[in-house]
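Each of the two complexes below includes chain A, the first together with chain B, the second together with chain C.
Entry: the complex of A and B
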């Protein structure tokens, strides 16, 4: 089951899902004629308000729901193909983990489902536990975990098979800002290695930070799609980024701009967003020797290959 | 594939040993076994007490184990669909069949463990009963030769009969245990009147060449089962022997009413092995039935939610148990006879035909399930042959289990797992 030569990992054509009632009468059209093509190494964001059809689309891509119409070609095959599923990692919107298993047991169990050898299972489990910062809780039952910890474990199980296609539904929900940053850095590193990532999220800042391309859905239909640059760039305005100027130089610059443009121009200082500031403070605190709840993540060796 | 199935089976075992309901049933099973051992009195003899203990214990083990298995099996897939844990499992590279077999294997492993505990307890109970009796006493001999024994049940073929005389032929099994084991002859009379006095009888065992190997006089009751011990020295493995019966002189009056029971043939119980082997075979047949229940529960759980799956599975079991009555009541001729007597309109022939076919179909499907009964035989020391174990495994696990597995896989393939339940 090789990928097509053109590097297309996912092709969706006129995908439609109609939910029906007991008597087979159409009740709601959750996805309506979605076309989508995703290339190898891309990070694509699926955005939309609640009920816009994001999760339904993801479930159809994974074979958990059957399309009412349209077609899906994923990693060169159908979602139901075992060989295709071997190359997919999935993190659902809730982690759906077995509450009585520990993280170690959880990863060993899913490792078995991927038919990994015993030594591979043990090695990957140890590396993913370290990477997700779950080391201190590796032998505690998952039922005792906070949502953030369960999310980290959910992400670990999605990476267990070093997937070619990673499908993530709200990957950063429940994570603290450091965890969010680590996840985003991890996704960028995976994409650089060639992993294709399909990401559904309500947290637009996260999507903006990591995605190359987004599809915005509303009422089951794609309403906007394209690269972030093409969708967000304001062609009417320009931003000149220079080191800080003194007051006289700033006045001269503004006068020149007014004369050239014939309209008002202003000067302001760029500011960090709160997440960047938070991460900076925490990193400084760590450098000063204060241990934190979750350490810096080191990417698992099997994901670097 | 093996890795995946074992992974799912291992998870199912963990789930079972954490289930409070299953733990409660396991404790209940042990309590019942201990309770029976301490309280059962039977007919006052050690053999009777042990027979009753074995019979009750096997019944209790079957019921408790069946309940635990059905509970676990019905929830194994349906609960995981409801709490969506199956989403994460089914997106992994596993086939639907791997999931079914893994779940089933986990459940039957737990059942096997519970059966092994019950079997160990019964083996200990047998040894305790044996040690508590005086070896040479009648009670001790009865425990050793009638209960803690595996005896081949040779059904005879009547070749000659007359007033007060009869002759049967039967085949000895390929293995006959050496002395001091004894074979037991069992026979019943039809009693036309109550309180008839016992009749004096004479039995002979003849070899294939007609030579008398053993003869004995006895006193036979007109009611109930009569037994006669025959030394195993008079029997040889694999040969065809003859049994002759006659009423002794002076009992001429009995010639008028002594008739062998037509529904209970003369049987010879020939010792072929020990109690341990028989117990293992009995438990294996119980295991096959439990394995079928596990298959039924897992399959029904792929279609329905957990409470509905429990209800449907239980209903199917009850329907199975009642099928024989249904078959009887729809036997040809019965409905129309009934209507004629009451002047009611006659049922159309095609309805009777459909009913009859349905009954026959149900009988065909259900009879093998009800066929394998071991409780009474284990208690009476009657051998449960390996051939029956293989047959039970073939029918109950491979044929019925295979059909249920195929149904479940097709259901899982068609079902949209992520649809709200």
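Entry: the complex of A and C
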């Protein structure tokens, strides 16, 4: 199944989902008239508070929930098409793993569902286990895993088929800051090779780092949508970024701006956010030879193709 | 043949997940241990010649089998739907029909393994149980003590193998122990085939009561039918309601002749219920073995056909409902 020529990977029109009770009476409208279009190679973020309809939307895109109204066209087909799902990777909100299987068994099992050859299954499993830093736990039952480790394995299974469309529900939940950073870098690398990514998250900083475009949902409806630049840029103010000046030079600059522009200006030092600082500290510690729980992520070769 | 490979993977995973669960191991171990102890617990004779041991072993097979079938079916579907693993699998290129039917195949695999263990244990305890013998210069009651020792040894060794595999290599205790138990029971039966009850060499397999096999087979078929019912119910309701309805259907189906059969000629409702409920009496044929009787192949064939048609109808219903439901 080929993608449409215009590069549209996903088209959603007036998508609606009404959950009903046992007697078929409407109980809650989880998604109400959602329109969405996603282009190839885009990273789009689905934002919203709990119960805003993000996960319901994602499940309808995957054919897990039947829409009450509206239509979905995904990778040129319907969500229920098995051939379409062959090209999709999905990381659910909770990793939903078989607790008595090991990571290796889990990935080999999913590899069989994608009908990968035995050698491909083994190679991809090994590479993904290494990439997600699960090597030391590769033969332990998943039921013993922390949430972060389960998340890493969840991400590995979502990437197993080198998907054209990657759908991630809260991809960084449960991960430590290093893990979050690795995931974000991975998503950017995948998008650069043409993978389309749809992710939902509560962690706005994550979305801000990686997404080209966001849709903000509330009560099942989209309330704002657009590129991050168009939504977040303050058209009323500007920042001038210069190397550190001494006190006299700073005063002269502020006087000049006041005189020339007739407006008040202020000076502040740019600062790293806490995540950037944390990552810097840990990377320095690693360079000094202190081993950590998870290694640097090295992208699996089959994902680089 | 992609669908076939997927079905094999799904069925295998289902069986593996169930077998690795402590509850499944507990059911198998308790069932086989009780079966192994039957000859030592039933001490009276009354000329019954091991009938009590045999019937009790079949009853344990049936009762524990229902728990195994119900537990396996609800674990395979209800719990996966509730736990979310079903949605993770169905987001892959797997059709819902294939998912449902492969899950059923996995459950049948578990029921098959349990039934094989139970059937082999029944063959062995039938030998162990006291019998009045008038052959080979022996006249009187004979107990096959060495087979009893082998059977108990197989149980202990299975647990030891499972524990060692878990301790040394971190392998799952449940599935390893069940596999080791099955292997041990096979070895016990092979050894049993070499000897007569009194301990002398005998022509291979001549001294085993193979009439027990069709009876075990019919109980297994009934368990498969029960699994199909549990699977179909699991598409609509959760674990507890599924097990409750299965138990109710089992009890009513067992008494179907008494409750509805005798009124079928005069009451439409009785006729409908008699037709709809699976009649478990068709699969409980221990009494046929009394006085040297046996179950004919034709009967096994007819009962299997009845079960296949019934299970197919339940599975079709399950597939239709599962297609429509939200995961």
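As a working rule, the second predicted complex is superposed on the first by the 305 of 305 C-alpha atoms of A that agree within 3 Å, B and C clash if a C-alpha of one lies under 4 Å from a C-alpha of the other, contacts with A are read in each partner's own complex, and residues count from 1 in each chain.
The rule is short, and it goes like this: a contact is a pair of C-beta atoms (placed from the backbone, for glycine too) under 8 Å apart; a residue touches a chain by one contact, two chains touch by 3 or more.
Remember, it's a predicted structure, so these values are computed and weren't measured experimentally.
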Q) Looking at the combined model built on chain A, do chain B and chain C fit side by side or clash? A) clash
Q.
Applying the document's definition of touch, where does A:142 land relative to chain B and chain C: first, second, both, or neither?
A. neither
Q: Quick one: classify A:83 as touching chain B (first), chain C (second), both or neither.
A: both
Q. Between chain B (first) and chain C (second), which, if any, makes contact with A:74: first, second, both or neither?
A. neither
Q. Which of the two partners, first being chain B and second being chain C, lies in contact with A:66: first, second, both, or neither?
A. both
Q) Is A:44 contacted by the first partner chain B, the second partner chain C, both or neither? A) neither
Q) Can you pull the chain A residues that chain B and chain C both touch? A) 59, 62-66, 82-83, 85-86, 88, 90, 92, 94, 96-98, 100-101, 109-110, 112-115, 157
Q. What residues on chain B touch chain A, complex-wise?
A. 1, 3-4, 6-8, 10-11, 14-15, 18, 83-85, 87-95, 413, 416-419
Q. Along chain A, where are the residues that touch chain B in the complex?
A. 19, 59, 62-66, 80, 82-83, 85-86, 88, 90, 92, 94, 96-98, 100-101, 109-110, 112-116, 157
Q.
Help me check something: in the complex, which residues belonging to chain A touch chain C?
A. 59, 62-66, 82-83, 85-86, 88, 90, 92, 94-98, 100-101, 109-110, 112-115, 139-141, 157
**Q.** For the chain C and chain A complex, residues of the former touching the latter
**A.** 2, 5-6, 8-10, 13, 16-17, 20-21, 83-85, 87-95, 170, 172, 324, 326-327
